[in-house]
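Paired with chain B in one complex and with chain C in the other, chain A is shared by the two complexes that follow.
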Partner chain A sequence: MILGLLVSSAFFILFRLSPFIGLATLLYEGFGTVYGWYNTLRMTIPLLIIAVGLSVPFTAKFWNIGAQGQFILGEIFATWIGLLLSKCVPPLADIIIAMFFAFIGGAIWAIPPTVMKLYSGANEIITTLMMNFVAVYLLLWLVSGPMQGAQARLVGAPSSAPIPAQDMLPLIPGTQISTGFLIGLALAIIFYWILKYTEFGYELKLIGEGEQVASYSGINIKRQIFLSMIISGGISGIAGMVYVYGITSTLIPQFFSDISTSFGYVGIPVALMSSLNPIGIIFASIFLGGILNGAFVMEAIYSIPIDVVITIYGLIMIFSIIGIMFDLPKLIKRWKR
Partner chain B sequence: MNVALIILIIETILIGMIPRAMPIFASALGETVDQSAGILNLGVEGIMLMGAITALLVDFFYHNPVLAFLVAGFVGLIFGAIHGILVISMKLDQTVIGTAIWFVGWGLSGVLYAATFGLSSSPPTVPTLPHIYIPYLTNIPFFGRFIFGEDPLVYILIGALIAVDYFLNHTKQGLNLRTVGHDPRVAEIMGVNPYLYRYAAVLFGGFMAGIGGAYITLGIVGSFYFDITAGMGFIAVALVYFGKWKPYRVFVGTLIFGAVYVFYFMMEDLYPKIPYEFYQMLPYIVTLIMILVIGTRAKPPASLAIPYIKGE
Partner chain C sequence: MNTKEPIIRMENIVKVFPNVVANDGINFEIYPNEVHALLGENGAGKTTLMNILYGLYKPDSGNIYIYGKKVNIKNPLYAQKFGIGMVHQHFSLIPYFNVLENISIGLNELKINLNLEKVKKKLEEIMKKYGLLVDPEKRIEEMSVGEMQRVEILKLLFRGANVLILDEPTSALTPQEVDELFRSIRDLVKEGKSVVIITHKLYEVFQISDRITVLRKGKVTYKGLTSETTQEALVEAMIGKSVSFNDFSREQIKVEGSLRVEGLTLYGKGNVPIIKDVTFELKRGEILGIAAVAGNGEKELIDIIFGLIKQNSGKIILDGKEIQNKPVKNRIEMGLSFIPAERLTRGVAAGLALYYNSILHDHWSEPYIKHSIINEQEMRNFARKIIKSFEVVAKSEEVLAKQLSGGNLQKFIVGREMLRSSKYILAVNPTSGLDVSATQMVRQALVNMRNSGVGILLSSEDLDELVSVSDRIIVMYKGQIVGSFERHEFDKIKIGALMLGKNA
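So, the complex of A and B:
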């Protein structure tokens, strides 16, 4: 992980910036100031929730790359129901209902790839990714068509009407951190318990170790994987709801090429670098959220594109999976064989 | 609609689909060889992006498309080699490493672009490949432009298609390669070195993905923007499944995709009432349908995505 950071800091040379200063700025902007911390946590919240969701199917080695699409569907469902109900129910009920609908939305988007994998063996990475693209264009159409807010239509901006202020997730008193962070922490703890101490978590682990072993021990593989994907999609959907209700307050388009809103992709390295341990994910998401935030600032100051982050994430993924799977002596032994 | 219009539409699709199909085809051909040897390379998308940006940079500064393609292929080769080391020698999970390679290529292509041209400047342009117009033959009605009016790389790639198909199905080495993909243990007993074949396959796959990416910038767009491939690499992987690991079938699959792209550009003009976002969804939905239709019957090489560990 640290190796990944060091390697990627070499990229700063391309922008006539010394790698050391580049790395220091990146980390300082992310973690050095109170304001930086607020922004970092703002990035962290969706990452944390998505990565917790991803850790469930990943445990069974079912690679759900579709968190981005599920996230978008969660946003769409939550915003839709929120705008519909905002006048007739109290704020708390509105938030709970929106969260429920976000879960449904994300889960719906997770179902087709899962069914295709389980019943026809289609590679889940490709199918979930294709669903992401469809979701991106669906969102683009909705916010510039049927769901475009009246004010946004006047200026021709692609965005929905804002969620009324009283329905938004409140801030944690005394800070500028949305209570979405607490939702994320709660989910992380719940899923730490589920993956570690329940039969469901244990069976997922067995499936991950090899389908043969799992089927010998009488596990209903299809059912458990299906369940894990519903959970994962739903949680990604909740992340979408928290993002809209806690941060943006409107539904805005998310282009595939724009990494700053691609929390679904960034969630993958977050989940992997913490060995799929939800408690570890809390720290990993804060760390990668900080890098993302630092990169934002650097884009503004040094016009270094935010894309540098995705390279860092890729390298972190490679180095962390090397670290997860092997300790070094074993690796060398394996190589020699 | 009258007959003349229909013929015109078909002709437009035929002429337009070949260049649109080529980037996917080049990558899919490499991926076919990759997967025949038992390596699932999901990093194609990232490698294509790297090919696209390097080709643009080389052509922009040296004005030499041939060199640009070669350098792009070489960059693809390097990425293929990295992928090979990680999944063949180190036996890491091919799915995760593929995703990581995609991330690295995705980010790095954007970084290289911004480092050279800056973030806000207007995109640089390079001339796209010239088309060869064979005298007289090009003027044959209906089929002339379609068969005899493509750019040189199209003919080279079709040559590569024939060569790869011949190699896989009619040579001893091709048989060895497929055996490695099917059961490396049997291959080893036959006296074949599985690692060698797998490395050769990832190198070829990487090279072709680099070429495929280069074709996007030099053959179609003549420029570069962030994430220019927009999922083409993954479509290429899906098409290998659709083609059941047979090069000719893969080729047909990519032509269908070329036609889909042309179709949606055309329908946007013909029926602008339907929001254009739905047209843009089309390639991805077609991919999903293709996988769904073919998925139940496709039988991948038995050892696909399984690392080979001696003596286990």
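So, the complex of A and C:
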């Protein structure tokens, strides 16, 4: 943790900024103001939902690295059905249908790598990752072609038509926080319970302990892995829907260099640093969401190039994860003594 | 011949592992120009003894003398200095390297400059001298097992080994390769080397050895020249003479139902049969023992019955219903339990708490799970019951399975499988690693289960155990049933001979 601060301080100094002020700004903008909190939660929501979804196959030690692609497919499906139905059904129905389609979209994207792993042994880390590449360019093609909005076409921007305002997810009354946050919290609690107290969770844990003991225990490993990936992909899809319906309102392309929007990747450390505990994921996603948000504000205030900000953000993330995963248990032990 | 002085003398070697005395006061001598066979069943302590000589283990007590001088072999490097070399059952060659490179690894004089030409020259001399021919440029991964073995032996000769220890050298060889190996061994002995062969195959001993030492449960039970012994004497020494019927009280109750296996066949790699046309019937209220030397298909047979491996053909009929195509879960529901040999990887989920591990075979049924929701309290209760009734040493049911010692883990698994209600129990080495009293407890429990009408299929490496608890024993050799004995016909020597592939 300290190492992370030192290294990022060096970067601040490089840009003629007091490291202390730099870090303070980062945290202040992330967590210090009401407005900062709003923005932080905006970043948190997709991270939270994706990480909850990832915790399911991760429990069985099935490594789904494809949340980004599943997230994108969720966005695409939700936007497509939303634009199609917006005038025919009431807003609430539109949101529910969009969420359902987002789940389907994410799940579809999770199926091919899962089947490849279960029936031919292809490494899921590679195949899920590859599916991300396909998704990124599928989205780029859609928003600059078939799904490009009329407005966007005029200015030549790659984006879809906006979801009508009345169909968007409402804000929590009295705040500027999207109700997507509540969806995330609900999912976290539900999956905390599922993983801890149901037969499904029990079987996933056994699978994670090893194929031998799982098959000895009479578990249908293939079926449960498949199910866990459907859930994981589907939830990542819902994250995509919540992102479009709660934050951006249009489909916009995403690239790999654009870490800020690659929630699918950042979700992986969020899930892992919380030891796959969905309640822990709530806090971890708020923390990383805050740093992400703080980094953006820094760019605006001090006109540090975005690349540097993202570098700093990455460093802080790496070191804080190392810190949390290695130091925290020790600290707790010391404190108990 | 007896006037010869031994090169190496091991005196009173004792080696104790947790739960087992591997070597219990062994005296062993190696004479020049001789092939010495070290014979014994699995777990008799053969490999342990040779690992001590090779410096891999330290004996707890006892001395080693080389040419009459007491030595301390701290590690294999010292053993090499004393001219001792060992070929392990699993070769230690690097597959991507060729013969020369493999032989060069670890040569002291090489330092940085790898003078392969020099190595090659010396190697060719050695190959010529001993008639052990391989292509020095060939890569290990392209070689047959027999060739690899030759490379291992050449490696030892290159380092100047005088005494070669070969651990189960024929286990992976084809008959032709065995002949070739034996010819090479003869040549080596002619050139003044001494060879020790670790084996449990009786006929090989007569083919190749000059002198025999038999170990049984860590003790020397026979010692002498091959020319002066008989097969019968060796079998007796390996398996033990005393037919001690540790009698447990047996009651016969009549319960309907049986587990029948018909014509079960399983092929391994290259269509080699692992199990061939096995047929038998296990009735409820009976203990059926499977006697086999490890690796004769007994393990696969039990895995197939439980559903972990799919058979190539044949039927499994449980209480009149064919189950050979049913998933494991169905078979468990129909009344099968299983005490596996691989306790840490299969018998428990090592990283989970004991109470999680208490319901592996009931994790879908009440009272532990109701409408797919876990009842943790019931799981804990059952785990506590296992811990209490099988005297598992564990702080609480929250301890992780991997934190238990091997023996305690075994007690936990045995207890779990016995305390859940089942009609048939498949058990593989249920008492391995347990101390005397725990062993007695488990055997008593097996007989009690039998008396209450459970059918038990017991595969054990311990022939004494089979003889003491079984109602019937079938013998498996190379995947086939080669003999069947009723309790009143039990004869360890006959059974032992069949296990070793001899016709009694």
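Heads up, the rule we're going with is that the second predicted complex is superposed on the first by the 278 of 337 C-alpha atoms of A that agree within 3 Å, B and C clash if a C-alpha of one lies under 4 Å from a C-alpha of the other, contacts with A are read in each partner's own complex, and residues count from 1 in each chain.
Just so it is clear, contacts are C-beta pairs under 8 Å (C-beta built on N, C-alpha and C of every residue); 3 or more make two chains touch, one makes a residue touch a chain.
What you see is a predicted model; the values in this text were computed from it and never measured.
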| item | value |
| --- | --- |
| Touching partner for A:307 - first (chain B), second (chain C), both, neither | first |
| Which superposed partner A:170 touches (first chain B, second chain C, both, neither) | neither |
| Dominant contact partner of chain A by residue count, chain C or chain B | B |
| Touching partner for A:130 - first (chain B), second (chain C), both, neither | first |
| First (chain B), second (chain C), both or neither touched by A:199 | second |
| Which superposed partner A:212 touches (first chain B, second chain C, both, neither) | second |
| Overlapping contact positions on chain A, where the chain C interface meets the chain B interface | none |
| Chain C-touching residues of chain A, taken from the complex the two chains share | 196-203, 205-206, 209-210, 212-213, 215-220 |
| Chain A residues touching chain B - in the complex, by the definition given at the top | 11, 14-15, 61, 63, 65, 112, 116, 119-123, 125-127, 129-131, 133-134, 137-138, 140-141, 145, 256-257, 259, 265, 268-269, 272, 299, 303-305, 307-315, 317-318, 321-322, 325-326, 331, 334-335, 337 |
| Interfacial residue positions of chain C with respect to chain A in the complex | 306, 308, 327-329, 331-332, 338, 340, 342, 345-352, 356, 360-361, 363-364, 369, 372-374, 376 |
| Chain A partner contacts - residues on chain B that touch it in the complex | 40, 42, 46, 86, 89-93, 95-115, 118-120, 225-227, 230-231, 234, 237-238, 241, 275, 277-278, 280-281, 284-285, 287-288, 291-292, 295-296, 298, 300, 309-311 |
